[in-house]
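Please read the structure below before turning to the comments.
Residue numbering begins at 1 within each chain, and the chains themselves are lettered A, B, C and D in the order written.
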Amino acid sequence: MAGPSGPTIALDDLRIAERGNGSLTTAGVGPSLVKEGADADEIPLELQPYVRFGLLEDLLNKARANSLWPLTFGLACCAIEMMAAGAARYDLDRFGAGVFRPSARQADVMIFAGTISKKMAPVVKQLWDQMPSPKWAIAMGGCTIDGGPFKYPNQYAIVEGADKIVPVDVYIPGCPPRPEALIAGILKLGDKIKAGRRFKG
Amino acid sequence: MPETVTQMVDSPALAILIGIAGVMGALTFNALFLVWLERKASAWIQRRMGPTEVGPFGVLQTIADMLKLLSKQLITPKHIDKPLYHIAPVLVFVPVVAATSLFPFDEHIALSNLDIGLVLVFAFGGLGIVGIFMAGWGSNNKYALLGAMRSVAQNISYEIPLILSALSVVLMVNTMGGPETNGMNLAQVAQMQHDKGYWFVLVQPVAALIYFIAALAETNRAPFDIPEAESELIAGFHTEYSGMRFALFFFAEYANMFIVAMVATVLFFGGWSGPVLPGPAWFFIKTYGIVFAMMWIRWTFPRLRFDQLMSFCWMILIPLSILNLLVTAFIARAV
Amino acid sequence: MLEEIRDEGAATGERYVLNMGPQHPSMHGVLRLRLELIGEEIQEAEAVIGYAHRAHEKMAENRTWPMFLPNTSRVDYLSGMIYNLAYCQAVEKMLEIEVPERAEYIRIIAGELNRISSHLLWLGTYVMDIGGLTPFLYAWDDREQVLNILERITGSRLTYSYGRFGGLTMDVDDVFIKQTQVFLERMKGRLVEYDKLVRQNVIFIKRSEGVGIIDAETCRRYGVTGPNLRAAGVAYDVRKDEPYGIYDRFDFEVPTLTTADSLARYDIRIREIEESLKIVGQALRDLPEGPIMPDKPKKKFKPAAGETYFAVEAARGHFGMYLVSDGSETPFKIKLRTPSFSNLAAMPEVLRKTMVADIIAIVGSIDIVLPEIDR
Amino acid sequence: MSGTAPGLDGLLLTSAAEDHGKSGFHHRHTCAPESLLAIARAFDAAGYFLEMMTAEDRRADLDKMRLVYTWNRFGPVDRHLLQCDLEVGASAPSVVAATAAADWMEREVYDMYGVTFDGHPDLKRILLPDDSDFHALLKDFGRMEDAEGASGNGHGEDA
């Protein structure tokens, strides 16, 4: 989905809503983002569970964990390692995560592969909103954890960490992290999803 | 001629139920199997592993995908054309299910034995195009619109060589079979190839080749996958669809491939006729052989540009198929 | 007939704006192309960049000279080794530091291996952009071999900080030399395979031939350098025209063609891989013994005030560094003249009157890396 | 004047040959802002290409903003460095008419240093977000010392 840059949304007025608490209709583990000051009735109905089907949820969470379709979202150097993870030697497709969907509507997990510059932040926010829940975010590489090698006091160019824009589920350190680290991160996310109910979020 | 299900079962309502259950079950299994086959075939061609973690040899992978897509949130964008957007996946999916019931799997039993079987198959194929265009137009997204325009132009122009090449087989069957045979009836075509002992692909190689190429274009696959060209138009006409709606398009694409392969099996490779194995086994072996060939081509060829694709169809395929039709007519008259 | 329809479309003005936005499968990072289209034909193309701006040059002014080393291989992470060694050579030139012979040879080997891995990645992504999905995997398979070799001496796969002012950090052992020789042999066979699978594929030829002509005059006006310029017939290669390091001891040709289309750029890069293989072979053959760092390396780096310019031939073209020192420990200014910045500047003019599918082919064929453009 | 260089007579303030081995340039010139376009046309006519263009914030020592151009040619290397000192806040003539490469380079200098170029077809920011109100590479902007509570050295940890 193309995202025009548009005005820079001030980052601090976005509050991270409480995570979806894993009921059948809700967003599984995936959290959803609501504007600051959204009071109770504005939170979509589906986020308030009434009936919980334990076994069915476990089955669905297992299915979700084993078919995480990443969004092709390469920003910088980590994108090359993400492509290497998708290529023949490390092969993400073994875990069902090899189907890279270019359109945000069909993707489950957004892998932040590279530095998020301040000009890119609103585009990232728009892409995250376009993804259907349950959705997850993997922060790959130092730049998405806390700015990495480009962080120094009073710097003007980058957003220091992906969690300032989007609720991140798994952090993968490294600059760039090796493809095995990315696969380990995806498997860790799978475990987190499978453990759905115990993660009250 | 094969005894149809309705004749075997006395009450027609029950027959319809059996028919629907059979077709839906077969198609669902087929879609799941084909998705798995595609990922494994592409992995084999690309020297990698493909899905291996979910179940033995990754067999349960597509079931996991289907379950995940089932439980995804169905996003409906705000400024879409609501009726078109919601009907499109249905209109793409239903003709495919209907078309599956027309094929003679075996000498004795068939779901239906219609005299206009072949015409119906191509008619249902045409309906799918309308669905794709509605999807592209309804989802109010420039990429989807571009994808829809391309898919309509491509499918309509490749429909012509598809039908002409099938026509040459029908013409041959009618002339060779005498007055009462009807080339449109797929069961009779398969029966004749069994009686004659040779497959029509040996007699009609050019028609088979044209049919195969046009079939590739008809199902938006391989060198002709312009409508949902991943590297150009994000995801083509189904950019705005998420969750189960997107799964319907996915499902319809693989079922379409299956149907086109079945038509090729019946017309050119002798349907269910084969030496040792029972009828349906031969039928499915041939069909899945053709489907594998389509997958093989997808993972080796780059994509044609839009104007090259159109000129290829109008300048080369259509004249060739007309020529083939004329040649068949002369030979059929002479024989 | 066709001409009237096209002009008539322009007259009635059914132009619409299509945004090939920052997130697009084949925009090689975060390039945004704002296109004005009539039907599928581009009338106006505007490239919006800056989505990967990470302020390398501002960081240079806040750090001492050696602290800028890690930044250099993150500017263009596909030819990170070449950039890293270029920065070392530039500062060595300012401070007149002598580099031991063995280190010079290892720099040549590592730089050319890095160029091969960058061209292999380009081969995979270019063919994937025009639809062929399998050659990408084969090209990556070879690239992983190069990454293994370079990882052995540098410890990292992509962002190397292998050079130091005056030499290198790690020495090369015979396992490295063995692996490199095996790779050189294997690569010759692989290039034949690519030729059969990709170059002789009729659809590939139809999609690349005559697409995106960037003639020599346009290259000169926009400052386009590298394989894109050599495909237009100009034999400008910094390794030959302005030799740095010990490149003048190796004999290799500079391949040039004259058709200046995407196919020519493909052929040029394949022949450049062959040339680089030759260079690495020669460098391995006469690799001398000896130290890789001067015996008493300097600790404090205070170059004399003044301006210096140092240029190298990176995988994408002429990469120049304009270093300004005011005599203190931190640089006064470092300007990174990156090749993709000028290569992309020519795109709005080249893309006019092409089809949507051609944009992807052309932008793919000039091999750009966005963080190198946005710095 | 300067060997095989194009006809630059009369347009330069100072001109000197340089040892390429030491500084990387073959010739070093300085000129007044008005003659920039004429010099660019002369280089263009002689078949040179605009290799690099940047600026230096020399307000501290010279109270000037210095524009730096380098021209080079595709044949045997002959690199000309041209420095042109501008009054602070003055605008320079754009050389886009002579070489199209200058379009993006001048936009970048405007984006990073705030130097405006009159005659530039579309002078707007190229790297920074469109609505940013600062010029990044000016010496008094974004210094580490005046970050809140940061210690002075390169990698000061936040307090």
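Quick note on the criterion: a residue touches a chain if its C-beta (ideal position, glycine included) is under 8 Å from a C-beta of that chain, and two chains touch if they have at least 3 such contacts.
This one's a predicted model, so the numbers in the text were calculated from it and none came from an experiment.
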Remotest chain, subunit C as reference, centres from CA atoms:
B
Whole-Å gap separating subunit C and subunit D, where each centre is the average of the chain's CA atoms:
24
Mind checking the centre-to-centre distance between subunit B and subunit D? Centres are C-alpha means, answer in whole Å.
62
Find the geometric centre of each of subunit B and subunit C from their Cα atoms only, then give the gap between the two centres in Å, rounded to an integer.
44
Length of the line joining the C-alpha centres of subunit A and subunit D, rounded to whole Å
42
At least two partner chains per residue is the criterion; list those residues in subunit A.
1-2, 5, 87-89, 102, 119, 152, 155-157
So which stretches of subunit C touch two or more other chains?
18-19, 24-25, 50, 53, 55, 58, 62, 137-138, 141, 374
Where subunit D touches two or more other chains, by residue:
128-129, 136, 142-144, 154
Every touching chain pair, please?
A-B, A-C, A-D, B-C, C-D
Subunit A - residues contacting subunit B, complex
1-2, 24, 27-28, 46, 59-60, 62-64, 66-67, 87-89, 91, 93-96, 98, 101-103, 105-106, 108, 130, 132-134
Parts of subunit C lying in touch with subunit B, wherever the complex brings them together
16, 18-19, 24-26, 40, 127-134, 137-138, 141, 197, 201, 203-204, 206-207, 355-358, 360
Going by the contact rule set out above, which residues of subunit D touch subunit A in the complex?
128-132, 134, 136, 141-144, 146-148, 150, 154-156, 158
Quick check on the complex: what are the subunit A residues that touch subunit C?
1-5, 71-77, 79-81, 83-84, 87-89, 100, 102, 104, 114-115, 117, 119-120, 123, 127, 149-150, 152, 155-158, 175-176, 178
Spell out the residues on subunit D that touch subunit C in their complex, using ranges where they run on.
22-25, 47, 49-52, 54, 56-57, 68, 70, 74-77, 79, 81, 99-101, 103-104, 112, 125-129, 136-137, 139, 142-144, 154
